[in-house]
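For reference, the structures are reproduced in the following blocks.
One chain, chain A, links the two complexes that follow: it is found with chain B in the first and with chain C in the second.
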Partner chain A sequence: MAPEIVLAAQEQQQSTQPKSVKKGVEGEAKPTREAEKKDEQTPTAAKSTATRTETFVFGIPQNGLTKKERQVPLDEPPPLAQNSELKYIGKPTPRYDGMAKATGRGKYTADIQLPGMLYARMVDATIPHGRITSVDTSAAEALPGVKAIHVIEHTFGIAALRDPKQEAPSKYPVIRYAGQPIAAVAATSPQIASDAAALIKVTYDRMPFVVDKQDARAPDAPTVFPGPADAEGSAGGGGGPKNVPQVGNVHGPERKKVGDVDKGFSEADAVVEGEYFTQVQTHSALETHGFVVDWKPEEVTVYASTQGTASVRDEFAEVFKLPKSQVRVITEFMGGGFGAKFGAGNEGVVAAHLSRKAKLPVKLMLDRKQEHIVCNRPDSHQKLKIGAKKDGTLTAISLTSYGTAGVGTGAGTAGPATNLYKCPNLLTEEYDVFINAGPGAAFRAPGHPQGCFAFEQAIDELAVKLDMDPMDLRDKIDESPTRRVERKIIRERTNWKTRKAAGVDTGPVKRGMGIAQSVWYRFINMDSSCEVRVSRDGSVEIMSSVQDLGTGTKTLLAIVVAEEFGISPADVVIRIGDTRYPIGPNSGGSVTAGSITPAVRNASYQARQKLFAAAAPKLSTTADNLEMRGGKVVFKNDESKSYSLKQIAAKMPTSEISARVTRGPEYAKERITYGGVDYVELAVDTETGRVHIEKVFGAHDCGRPINPLGVISQINGGILQGISYALFEDRVMDRKQGYMLNANLENYKIIGAREVPEIEIELVENYIAQSSTDAAGIGESAGIITLAAAIGNAFYNATGVRMRKIPMTPANVLAALGRVSQEETA
Partner chain B sequence: MSDTPKIEVSRRGFLKGAGLTAATTVIESASALARDAKEAMQPDRSVGPDAVPVKLHVNGQEHTVTIEPRYTLAETLRDHLGLTGTKVVCDRGSCSACTVWLDGTPALACMTLGIDAVGRKITTIEGLTQGAEMHPVQVAFVKHDAMQCGFCTPGMVMTCAALLERNHDPKLADVKHAVSGNLCRCGTYPKVFAATLDVAQQHQRAAYLLTLNPAKEA
Partner chain C sequence: MNKFAFVDCTTVDQALAELKDGAVIKAGGIDLLDLMKDGIVTPPKLVNIRNVSSLRGITASKDGLHLGPLATLSELAAHPEIQRDYSALADAAGHAATPQIRNMATLGGNLTQRPRCWYFRSSDFDCKKKGAGSDECHAHEGENQYHAVMNNSTCAMVHPSSTAVPLLAMNAQVEITSKRGKRSVPISEFYVPPEKSLINETVLQTGEIITGIFVPAPESGTRSAYQKYGEKESFDWPLADAGIVLVMEGERCRKAAVVMGVAAPTPIRSQAAEAVLTGATINEATARAAAKAAMQGATPLSQNGFKVQLFQTAIYRTILLAAGQMQRDPSAIG
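Let's look at the complex of A and B:
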C-alpha cells in the first residue's frame, strides 16, 4: 500500500519543482505515518559521513518540548537552542532590503538600463488555433530605430506530441492559443518596438478550436493536439503525468489506489458526495515576466525576473548550447512570481536571440495582457465521495477530477485528499483536459487550493451528517500533532465556541464561521550552496545565487549569519541573486528556507571555527577555548577575556577567511509535512449575493520560524490571495473568438484594500531536529490552500447552503441560494 | 550586486542610468514653473509627432528631456530620467503602481503624458527622501514590513504619504479608502494600513507635545 502513497507525494514534488531542480531534491514527501515507520530504512547523514551524537530540542512548545538525539556530521555546528533563547533567530527583523524598496531605489529587472540597450516587443497570435502561412517582417525592418527581429521556431511551454509525425512539419510552430508568441522586435525605444510589432504581418490557416473545458471533453470536440501529447515539467514547474491514456483532449487518468474503496464505502455509516468547481486563476505578479539579455561573445549576462537564477542559467545553456560558465544570471530585486517564473521561457530565449543579432543589450518585459496569458492555476471539476464510521473514522475516499492547464498539463487536485487525513481506502483519478488557452504553471501549492476547496468542505459536510463539531471530527481523523495544536489555539482565541447551527440567522445578512486545514511537504533542494567570508576588518558577507522573490530570503540569511557571529543582521552583507556566487536553490514549493539556511549556518560556523583557529595563537590560547557568547568571543576558561568579532578578526594572518558549504542530507526524515488551520468569519448578504469576509485567524507552522515579521507578511499574503481566489478572480474566455476577455487588472479582479478583513496569525514553533536550522518555507501552506474551503464552510454555517463553485461572485452566490437560476450565471 | 543600500544616493546617481537622453538640471523656482506652464498652454502651439524638448520639474529640480508627445510621464521618468522607482504594472490606470504627485496631488504617471506635466511640480518616490532622511511613511513601511516583493510599494508610499498630507488623523477606513486603487499581489495591505496609522499617531503625539510646550516649536 505504501508505494502508491509515496508515488502520490512524489508527484506533488514534480508538479511544484522546475525540472532543473528535480534531481537535487530529496524525495522525502510521504504521509507522516508511513515515514515514521520507515525512518530507520531511510539513508540519512549518519550513513555517509563521520558523525557525532548531538541532543536537539524537539517538538512543539505548546505540547512541552522534549529532546531528540541525532547523528550530526563533524563539520556541522552544535544544535540551536529554542528560539526564546536565541539572540536574532526568531526575533522580528526588518527586511534587509526594506529601505531600498520603500525608497524606490531597488532595481528590478524592469528597471535595468544598460548603455545602448534596446527595448523588445512580442508579436502574439491573434487566433486560438491554426497554422502560420507567412510572417512578413519587411515593413517592420524598414522602420527607423528597429535593430533586430526574431521569428520564433520553437515555442516553449506547450505540451509536445508523443509522435511529432502526426503533424505536418512546418517552419513555424502550430498556433494553439490566442496570445502565443510568434515573433519579436527590438528597437531603440519601447514605442518604436510597439510600432514595429504592429507592422509585422502574420497570415494563418485557421483550425477549429475549443476554449471551454466541458466542451473540450465531448467526443466530437475540436482537438488541441492531433494525438497524445505530454508537457515537460515546464520551465515554470507544472507538467502532469506522462504516457497516460489520451482520448481527444482528455489526458489521463493518473490513478492512485490504496486499499479497496468499494469495501471502504460498504463499511461506512455515513457517506457524503458532491461535485465542486474551481476557476482558472492567473498569477498576476506585478512585475511581468521579463529579461534583459546582454549577449557578448565571451559571456551572456541575463537579468531575469525569476524564482530561480540557476534554472535560468541551466535553460539558457541548454537552448543556446553554451557552457554554463558563460551564462551569468542576475536577480537582485524581483516583483513577484508565485510559481510561474522559472527558466528561460519564450521571452528570455527571444530576448537572447535579439541581443545576439543586434549585438546590443535587449530588454523584453511582457505587457499586462501577455502576463495574464503566460501562466495560470488550472481550473477543476471534482467529484468527491467520502465514507466514514459513526465516530468519524474515514473508511474510503474517492476523487475524480478534470482540470485544464490549457495547452499544458498539471491540473491534478488529489494532494489534500491523499495526504491530509488517514484513510485506508483511497482512489483518485486525475485528468487533464487540453483547451486552446495559455499554459498552466505551478502556482502557490499547485493543485492544493482546488483540492482543499472540495475536500475540506466535504469533511465539514461529513461532520454535519455525523452531528459532530467540525473541529472534533478533525481531532478524530487528523494525525498531525501540529494541526491539533493549531485547532486548539483557534478554539481558544476565536469565537468558535459561540458558533451557531447552520443558517439560523433570520435577517437578509447572515453570518457564519468555518475552518479548513492545509498540508504541504518538506522538500529539500540539495543544490543549496553558499560562501561565507570574514574580512580582517571584521566585516562578514554571504554569497549564494539563491534569490529573494519578496519572501524575505535576504533577511533570513542575514539573521542566520548574525546569530553565528554575534553581530547585528543589518551588519551582514548579503550578496545573492547572481550565478557567479555558489549555486543556491530555485525558489518553488517552499524549499528555500529549509534548503539554504542549513548551508548558510554551517558555512558561518565553519568560517568562525577557522577564524578562531587563526586568531587563537595570537591570544595565547587554543581555538577550542573560544566561543561565542552574548555577541562576544569569550574564553571558556576565563570569562573576563572577552573580544568583539572585529578584535578577533584583526588577528587574522590573511586578509580573509571563508567557508563554502553545500547543504548536507537531513539528519532524519521523520517530519515530512507542514500544515496550517485557518478560521474565517463572514457575512453573506442574501439579497445582493455579496460575501464579506470579516475576520481570519490563521494558525501556522513553518518549523523553526527565523524571522516572524517576514513569515507573518507571507501568511497575510497567502490568506489574501486565498480570499481573492475564493471571491473575485476568474479568467473569462470568449467561446466564440477563443481569447481571454479580461486580460487586464480592472476586469480580472484581484483583492483590494477595501476587501481586506481583520487578520490575526499565530505561528506555532515546531522543532524537528532534521537540519542545523530546522527552518522551512511557508509560501505554500500559508492560507492560499485553505481559504476557499474555509470560506465555503463559513458560508454554509451562515446560510445552510453549500457553495460548490468559486469564485463566489454575487451571481454564483445568488444562484446557489436559489435567488436566480443557474443558467443566468453561466 | 547586493550591497546594503545606503541612503546617500546623489542626484547624479539617479541620472546616470538614463543613458539615452542628455538631461540638464537646474534648481527650479516658482516663476520658472509658471513660465513653463504658460508656454505649454499656448493654444496655437502644436507639437509632435516628433520628439520635442520639454522642461520637467521633478523632485525640486528642472530637467530638460526630449520626448515624443505620446510618451507617458511614467515612461519619461523611467526611461529618460532613470527614475525607476515609479513602477509600471498595468499601464492603463487600474493599479496605481505608478502613483506620483503632480503639484502635491497623487496622479497616475501611466495615464499622464510627459508633455502634460510641463509646468507642474512632479514628485516621485525618489523625491520623498530628503538627503539622507527617509519620509516618515517610508520609515514606517520598513518598520512594519509593509512590503514583500516591493513592486507596489513606491505607489503605496506615495498614496499614503499624500493621505497624511491632507488628513493628519486618518482612521483605518480612511487609509483603506485612500489605497483602494493601489493593487498589491503579495498581500501587504494589512501592514500598509498599520504603517500609515502609525505615522498618523506619531504626528498626533508630536502635535500634542507641541501644544503642551509651545516654546519647543522655536
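Let's look at the complex of A and C:
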C-alpha cells in the first residue's frame, strides 16, 4: 500500500479537504485499529443516511464565530450552541469519582478480592537471549498451597519471524529478553506463590545478545531474530511497518516521499542539519499491568487494568476460542495505561490458564520490575535536515531515524516532520532496530515526542539562521488557524516580548524561554455505543463498556447526559467499564471523547424525545410542544407550564424508557488534525547541569471542551510527563549482561512534586461541526509531545548551546556545555 | 522476601542477647526491608531496637552533642541547637530522602545503610561485595554514571549516608556496644574502604550495636554547611555532596574541614582543599581554588566524568554557604 500522508495543509477551516490527500496514515498514528479504519471507510453522514439541514456554530471564538450548514441524520439532536450558552457542557466539573478515588472506596483491579481467589506469580527469564532446555516445576508443585502451574507456549508482544522455519521448533518460546515470562504459579497466598516461583527450575542454552542500539546496528552484531520479523500493533496502535527489508537487526526503512528533496534543498536559502537522540521511556503506570480472571464454564469474568475492555474481551475470546458473549471484562477504576494496556497480554492469558486449571479465580498483578520491562516508548537517533527560503517558506525536509522497540517494532518518529507544516518536498526513512530488551508499545502520542524533540528544535534553529523570531517563522509556515491563535495568546500572556538573545546571561545560572508545537489526529472509533435509561422516578443512567483510564471519561459522560436532561451531572448514574453494556471505544489515539460523546448525546436526546412522547398525552399536549429550557421541561406555547424531569417521568406509562445508540459517521471530515503550543521558561545552572523549569504556558485545542477542568487536568499531566521525559526518565541497560539496571522507581527517575513548575493553560474552543458534540480528545496532544522540544529551545535561548540529547541530566548537560574534560571522561 | 522471626526488645542487653545466629538489628527498617525484599540479605531473625528507649534522644551540652542512634533524621533536622551550632548536620539530615522517610529513618541506620550501587542491589548480578567468587566490579566496565570518582579501583561503590558527611567534618565519635563492653571509634575510622573489606562497609562486627554518637562542641567562630547535588530535587540521592566546617577569625579561616560524601566508597576529607582554605580569606576565588584542589587526582570512570565538575560546584558553593556569603543554593537537591 502506498504510504499516505496527512499534510498540514489539511487543517484548514474554510476549504474542503483536497481529494488527493486521505486521512490518517503517518508514522505511528495510522489507524491500526479496525474501528478507525471503519471510520476512514465510512462516508460522511450526508452520503449514508436520510438527513436534514442544520446550521452549526463554527470556528474559533478569538477569530469570531461563524455559521456552517451541515446535513445531519434525522434522528440526531439539533446543534449545540457555543459553550458560553450551555448549562453544563463547557463548565468546569469536578471529577465524578474523585471522592471514591481519594478515599479508597474506588476498587482498582489490584483491590479485587473474590471468594477463594488465588494469587499468581510469574517466572521470568534470567538470561537475555537463548533457548529453554527444560522447565522443572516438580518442586513448586509439591509446595503446599500451590494450586496450578502454567508454562507458557507462546509469548505475546514479541515480533514474529516471517518464516518460522528459520528457527528449530521447540515446545518453549525462544528467550529474547531478560525478564521475558516463562511460566506462572497460582497459590493460596502471594508469599506461597513467590516461594513456588523460586522453586521452578529453568535451564537454558545461552545465545549471544545485544542490548545497545548502536552496537545492534553493526554488521557483525548478534541478531535478535535469525531472519526478518514483524510485530503486530495493539488496539492502542504501535507496531511498525511489515514486510520492509531487514538486514541483521535493522528492520526498514519505511520510506515516505513527497516531491523531490534534492531539488528542495537546492532551492533553499538556508539549511539546518542535526542529529538528535532520545532515550527509552517506560510507561510506569502507577497501577501495574494485571488481571483477576474467574474462569467458569458458562462465562469467563476478567477484571482488567485496561484502557480497552472491548479489546481485552476480543483477545481473550480469540486466544481461548470462546464466543465473545462468554467473556465479560470489567474495569471500574484504572490506574493509568498510557497506551500499553489494551490486550490480554501474557499476564492475562496466563491468569486465565491458571484459573481454568485451578477452577478458582486468580489474581496476577505484575511487580514494579516486571512493569518496567513489559512496555516502553522506543528511543531514537534522528538525522534531520530542513531547507527554507529567506522568508521562512520550507523547501525540503529529510529525516532518517533509527529507534529500538526492543523485541518489537514501532520506533518511527516522522509524525511531526510530516504533518506539522506544509512542505512540498519530504523524504522520511524510519528504521526499527531489534535489541534483546522488552518490547515497545504505544505510548501517549507514539513517535511524536521523539519526532517533535528533533523537528521543533530544528525549526527553532532555522529561525536563528534566518534571523527570525521563532513565533514569526511559525506564523509564516504553519497553516493551522488554531495554533495561530494559540501563539497569539502566548505572545500576549507570557514574557515572550522580553525574550533576550541566546546565551547573553552572565553568571553560572542562565535563563531562557522557548516554544514548541504539536499536531495530533482526529481519529474516530466507530464502535462507540451506549444506552441511556430513564426510570419512572426520574433517575437517569448511561451504560457503555467504554472505560475511564483516569482521564475523566465518567465525568465527561455525566455532563453530556446532564445537558440533555437538565439535571446536574452528579445526578446522572454512570455505568461503564463492563462489556455487558453496549460496546464502547477502546481508549487509544485520543479517540474516547470524540467517539463516544456524540453517541451519548444522541441516546440522551432520543430517550428524552421518547419520554416527551409518552408523557405528552397525560399533560394534554403533544411531544413537539415540549422542550428543555433552563433545566425545566416547558410548553413551547405556554411558558407558564413548566415541569421538572421527575414530574414528567412520573407520567411514563412503563417503568423505564431507554435508547441505544451507536455513533454515526462524521457530518463532515474537514478538520482531521489539531494541536497545541507550549511555552517554557527555565533556568540552567551551567555548573551543576541542572535544568529547572520555572513556568509552562500551554495553549491547546480539543474541539469543544466538554469539561474544561478535565481537559486542563489532562494537559497538566501531559506537561509533567513531558518534563519528566525531557529531564529525568531513562531506561538503563547493562550492556555486558543484558539486564535493566533501574527497573524500580528509585533509579528510574520520574518527576516529583518539587520539580513541578507553575503551569497555566488556555483552552481554545474550536467548533468544527463534525458531530453532535464536536468534542475531541486531548490525551496525546497535551504537553507530552512538545515539552522536550520546548525545553530544548528554551535551553538554547538560555545558554546558546543546543541540547540534542535527552534526558537533560547533569551528565548530559555538563557534557553538552563542555564542562566534562577529556581526561575526566577517561 | 524470606520468612523470618521478629523479636521486639526494650533494652540494649536484651538486644545483645538476641543478636546471634545471623540475626540482624532493625531500627527504622527502611534500608533493611528494601534489601530483604530484593533478596540481597535473608536474615533469619530481626532484632527490633526501635523500642529501646535508652537509645533515643538528643542532648546538646557544653562538651558537645550526644545523639541516640534512634534519633530520627526529622528530629535532627528540627532540633534548634543542632540548627544553630551544628548546621551542617541539620542540613544533611533535613535534606535526605523524603519527609516520610526522615520520620522513620534513624541516625544509626542511616550511618549503617548499605550502598546503592545498582549491581550490588540487583538480584540479577553477583558481585564481589555479595561474596561471589567473581573478582569483577561490574561498574568498572559497565554503567557507572553514579559511581565513585576517587579510590574506585577495587570497588566503585559510594557510601550513601548523608549524615556521615558532616559528622566526619565535625570529628564525631561512634560508641559501639557488645557483650564484651563498649568501644568508641572516631567516625574517620568507622568506615572501611573496599581494599580492607569488600563485605563490610563499617568496623561494626556481628553482635555489636551503635549505642551513641558524640559530636564535640564546636570552637568559637565555627560555621558549617552541607549541600547535595543530583538529578532530581524530590527524594533523590546525591551525585555530589559536600560538608564544610570553617573556624573563622574575622574574615580569615583558621581551620577548615572539607568532606565529600559520594565521591568515594567511604566519605572522605580533602586535606588539599583544607590546606587552601586554612589561613585564607574566604571568598569565591579561594572557595573555587579549594574545590579544584579537592578534585585533584580524581579517577573518574567511563561515564562519571561529570561528577568531577559537580563536586567542584558542590564544594565551592557549600564553602560560601558556610561562610555566610551565599544563600542555600536553589540548584541543590533534597
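The criterion applied here is as follows: the second predicted complex is superposed on the first by the 775 of 826 C-alpha atoms of A that agree within 3 Å, B and C clash if a C-alpha of one lies under 4 Å from a C-alpha of the other, contacts with A are read in each partner's own complex, and residues count from 1 in each chain.
In this section, contacts are C-beta pairs under 8 Å (C-beta built on N, C-alpha and C of every residue); 3 or more make two chains touch, one makes a residue touch a chain.
Nothing here was measured: the structure is a model prediction, and the numbers come from that model.
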A:634 touches, of chain B and chain C: first, second, both or neither? neither
Contacts of A:650 with chain B and chain C, given as first, second, both or neither: neither
Touching partner for A:688 - first (chain B), second (chain C), both, neither: second
Contacts of A:65 with chain B and chain C, given as first, second, both or neither: neither
Partner chain(s) touched by A:752 [first = chain B, second = chain C, both, neither]: both
If touched residues of chain A are counted for chain B and for chain C, the larger one: B
First, second, both or neither for A:95, with chain B first and chain C second: first
Partner chain(s) touched by A:368 [first = chain B, second = chain C, both, neither]: first
Common interface positions of chain A, toward chain B and toward chain C: 191, 746, 751-754
Touch list for chain A against partner chain C, complex: 126, 178, 191, 509, 685, 687-690, 692, 727-728, 732-737, 739, 741-742, 746-747, 749, 751-755, 809-811, 814-815, 819-821, 824-826
Chain A partner contacts - residues on chain C that touch it in the complex: 1, 3, 116, 118-119, 122, 124-125, 138, 141-143, 145-146, 229-237, 239, 298, 300-306, 308-310, 312-314, 330-331
Residues of chain B defined as touching chain A within the complex: 1-5, 7, 9, 17-20, 68, 70-71, 75, 78-79, 82-92, 94-95, 97, 124-126, 128-129, 134, 138-139, 141-143, 145, 147-154, 157, 175-177, 179-193
Interface residues, chain A side, partner chain B - complex: 94-108, 110-111, 113-117, 189-191, 284-287, 330, 332-336, 338, 367-368, 549-552, 554, 570, 573-578, 709-710, 712-714, 716-721, 744-746, 750-754, 756, 759
